[in-house]
Amino acid sequence: MQRIGVFVCWCGSNIAATVDVDRVVEAVKTDPNVVHAENYQYMCSEAGQKLIRDAITEHQLTGIVVCSCSPRMHEQTFRKTAEAAGLNQYMVEIANIREQCSWIHKDKDEGTEKAIILARAAIAKVCLNAPLQPGQSKVVKRALIIGGGIAGIQSAIDIADAGYKVDIVERTPTIGGKMAQLDKTFPTLDCASCIVTPKMVECAQHPNITIYAYSEVEEVKGFVGNFNVKIRKKARYVDETKCTGCAVCTEKCPSRKGRNEFNCGLDTRGAVYIPFAQAIPNVATIDATNCLHFKTGKCGICAKNCSANAIDFEQKDEIFEEQYGAIVVATGYQISDVTKFDEYQYTKHPDVVTSLELERLMNAAGPSKGVLVKPSDGKHPHDIVFIQCVGSRDISGRGKCYCSKICCMYTAKHAMLIREKYPDVNVHVFYIDVRTPGKNFDEFYRRAVEQYNVDYIKGMVGKVYENEKGGLTVQAVDLISNERVMLDTDMVVLAAAIEPSDGVKHIASMLTASIDTNNFLTEAHPKLRPVESPTAGVFLSGVCQGPKDIPETVSQAGAAAVKVVGLLAKDYLVTNPCTAHTDETMCNGCSSCERVCPYGAISYIDKEVMDKGVREVRRIAQVNGALCQGCGACTVACPSGAMDLKGFSNKQIMAEVDAICK
Amino acid sequence: MIYSYFPGCTLKAKAQDLDTYGRKAAEALGVTLEEIPEWQCCGAVYQQATDEIATKLSSVRALNAAKEKGQPLVTICSACHHVIKRVNEDMKENEDMILRANNYLKFDEPYHGETEVIHYLEMLRDKIGFDKIKEAVVNPLKGKKIAAYYGCLLLRPSKVMQFDDPENPTIIEDFIKAIGAEPVVYPFRNECCGGYQTITDKDQSDRFANKVIDSAKMKGAEMIITACPLCLYNLKQNTRDIPVVYFTELLAEALGVKEQEG
Amino acid sequence: MNNEKALAEEVVSFSGTNPRNCMKCGKCSATCPTFEEMDLHPHEFVSYLASGRIEKLLQSKTIYKCLSCFACVERCPRGVEPSRLIEAVRDSVVGQKGADYLSPDRIPERLDPDLPQQAITAAFRKYKK
Amino acid sequence: MQVNENSKEFKPLIVAFCCNWCSYAGADLAGTSRLSYPADVKIIRVPCSCRVNPMFILKAFEKGADGVIMCGCHPGDCHYTTGNYYARRRMTLLFSMLDYLGVDKERVRVEWVSAAEGQRFAMVMNDFAKKITELGENVKLGDIRCKK
């Protein structure tokens, strides 16, 4: 038999005006489990709490019910009160007789009766409560960053500066990401390389940062504070510790057919290559699909020319394991497929390029050494057309439903840079809306129009086609004048939508982190927890969470780092004790619970159980208390009734139903 | 292989070439085209309004006839193909249409879009295979630069037609390669020739046709082929110096059956 | 005014498409091969109908200029399918008694011996009750 | 179904399962905004709508409830990401069995109410209570094992 105390709060007149608190006290006293009941003006006040503490000691209460405001308001308060009097804090239940009773009812009889029923339901529940202890789990003081673009770099540096070890796993041969490919950045027009390469160097030299480039995350197990991650270090066929980055091999390599990814495929590279001069780590990589040695067994010119003896054709992929307390996803973006929009002739005409390709064409380290030329004939263009929103804001199924956010600004940047460097080139921009929210952003765009005479035309382009002169004709409508526009031009630049990198879906499922229909990772709360994934211990940095520009990415990367540091600063994590648990004698190991668990908290073990005098080994579900968030999905999925939820057990809820329906 | 065949009114009258060469070539490739008995005109235009039903019934009849034989339904005329394919889609998806059409037509068994509708070109690509055709060619049209003219009806709306990439189709180009000639890709191959305006505004359709022809010529085409009688008519009206023919005629020629008695 | 709105709504409803999905990018007009022949353009059709106006559209010669080539349907980023709207307006005009755009007695003078049947059938389907 | 003769005075018994994160907070907001709904509605707090076992609902009917409503976060907004989707599927199954059990389908309802929708919460409860009042007293679901 439990010894329950009931405390009815007046909340001044908030409750007492509609609920006869004396009657409630008298009514609950008839319950055989209730040994004490009283009411007071303000239970949450210090005096009220003292009342509760004293009653717990005096009547040796095993549980208390407070009839007051919403548990969302003061449950914590009264739990602490109980704890202070030596009662387990989970032996407290709240009957919400303010928000869900006195405030919405006018009739005092009606209100009082409902309050009594709500109190009885709470009493019925608390009688079945069990003392619970919040658990503890250890925190490994090391963070993993997936992705080595500007987002990953910034998060890594911030975490490392706070004194924690950080590993960056990057799938390409170098860190730096998309930012390293850019020419200039808006709205200040400073050189992208000049600001990102020093950060890359800082990463490489930081004592707390380890870079695993040309590597991929293979498997993630464990949970917040203690992730166990398998990382695959792909074979470069070059010994990283020996390679000095002298690049002699890259010049001597006779195979020149490799697609130069760094230049968006605008030119080719050798089979052994360093993506760009400032690559980190600055070592060569052999791409086996183009390498003559791997194709024919002959060649080996690179090995002959390597004075450091770093070429190793026998190298194999290497898989190793590491423990982490927190994981930051910074997988970034890629340009979406523009070949689906072939009314713009991207696949048919070399002078139709994407904006990222234009970035390379304008970059001093790019295929044309920074001289803007037409890819078709290497000649100077005299007229350039930009088309915005290619594949963005598209619900037809061909593109992305969202606004890619950065295109308006980089298009204005391109237009301005071209007009600045080549005043003889006419630049037209076809836009639907110009979206420039951001510090100095609209001013920047207006400068392109007002100072640089960039011709902005409202209206999406309908078709681009090759004309008799070998150039391109752009067919559109100027929606302001409502007239047909037929423009002969030399180049067309498509501001293609951006989308999350293609590997992100796989990474998200390994992390059990949720993604939305566009493959962007979901944040725990869109406003209040924007850099956390709903999965504890997983944090989001950069475009993997949604389209954003460099300043925003860097701020978010910093924010994610702070959250990581906050986690790693703890030695132990306190875990919510209201978690699911299995009755071993009833579980039949069917895996129904595992399939519905959004947190991967359920695993299976073979365990010897004693059931009705028989000892046997069974497959049994096991809940990891550190991962379980207590939603209860598994409890209903369980066909044998073995799974239950502490704090909201089947019996407790049934008891509440009983009490209400009495 | 035996397929049900819907020739359509134009192929029986003004576009007999398209039909006869198509049949001859099919025979040569081991395909029998069985004309649907008592077929009726498809109406030439797919009516998009949601309450439209009367104009679609003849297509449903043809579709059901093919279903009863358990054969795919082959079309050649691009207008017929467009109409029948879209009506078939309606008969799969549009509950209201399914109910009303079946109530009216009272087949032994209600029709629910079961028939597979394929264009003759799709039959060549998917059922026979361009590789097989290449092997069957006896008179390869070597070195001939041929421009494919798709027009609008075969490709759009691509969600329903599922014919090829609507902006960058390759099926007729692959066909041209299979018969040994050289395809010419040009920008206006999937733009409208304006054929429907030929009765009401001939100037306009002439202008559009010239755009298509000039675009093909610019890329060096010596010949234009098409699957649409109306496109053929319209293009032919506007050019003297470049031949415009049906694709079936070239196929029959390449297979060496053109001059055979039908 | 109210009648106009009701008619516009009715026409939109049997067009089977929703002009309110439009984001006013103008790609339908940009891609339309007949743009120059039209007095009101595809994007205007969408805009007018989205705001419940139809009077001007009923008078427009655009409804007889649309080729039903479906370029706007294919390329609209919002799935609005303007050609459906134009067709729906045309249907509501030629559906009126005596409003045929094409009458059989005007045909012979235009008849060319090579003209395919489908052109005639199509013209009647489109322009006559 | 029994038609209660004193339907004017009939006070239905309604059990509402509300998820802690959205609907329970929505109910609190209805309270804070003083939006009234009948006192016949009694709320049971659960962590998530997916914690509601259809058995709980049947239990309520067995014990004499006239209507049971389950409220959760809007689809896509679940605090636990997918909980309300599970709940929705389970409830679909339950609905398919209600006829068989002899419970009028209209006595069970599923609604999505967010933490910001106090007004909606009150509206939903008023509407449901009205419906149940119209339907009158429920036939008590008997436990077959107790019958001799």
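So that you can tell them apart, the chains are marked A, B, C and D in the order they are listed, and the count of residues begins at 1 in each.
We adopt the following convention: a contact is a pair of C-beta atoms (placed from the backbone, for glycine too) under 8 Å apart; a residue touches a chain by one contact, two chains touch by 3 or more.
Since the structure is predicted, the reported quantities are computational estimates derived from the model, not experimental observations.
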item	value
Pair joined by more contacting C-beta pairs (A-C or B-C)	B-C
Core chain by centroid distance, with centroids computed from Cα atoms only	A
Relative to chain D, chain with the most remote C-alpha centre	B
Rounded Å distance, chain A centre to chain B centre (Cα mean)	49
Rounded Å distance between chain B and chain C, as computed from the means of their C-alpha atoms	25
Computed distance of Cα centres, chain D from chain A, in Å	35
Multi-partner residues of chain A (each touching 2 or more other chains)	343, 397, 463
Of all residues in chain C, the ones touching two or more other chains	71
Pairs of chains found to touch, sorted by chain label	A-B, A-C, A-D, B-C
Touching residues (chain side chain B, partner chain C) in the complex	8-10, 13-15, 41, 43-45, 47-51, 55, 77, 79, 152, 155-158, 166-167, 191-192, 194-202, 204, 208, 229-230, 232-233, 236-237
Complex contact set, residues of chain D against chain A	13, 15, 24-25, 27-28, 30-32, 34-37, 39, 42-48, 50-56, 59-60, 63-65, 79-83, 86, 90, 122
Complex contact set, residues of chain A against chain B	339-343, 345, 347-348, 397, 463, 465-468
Interface residues, chain C side, partner chain B - complex	13-16, 33-34, 37, 64-65, 67-71, 73-74, 81, 83-84, 87-88, 91, 101-102, 107, 110, 114-123, 125-127
Complex contact set, residues of chain A against chain D	70-72, 96, 98-101, 103-107, 110-111, 113-114, 117-118, 121, 514, 522, 534, 578, 596, 598, 629-633, 635-637, 645, 648, 650, 653-654, 656-658, 660-662
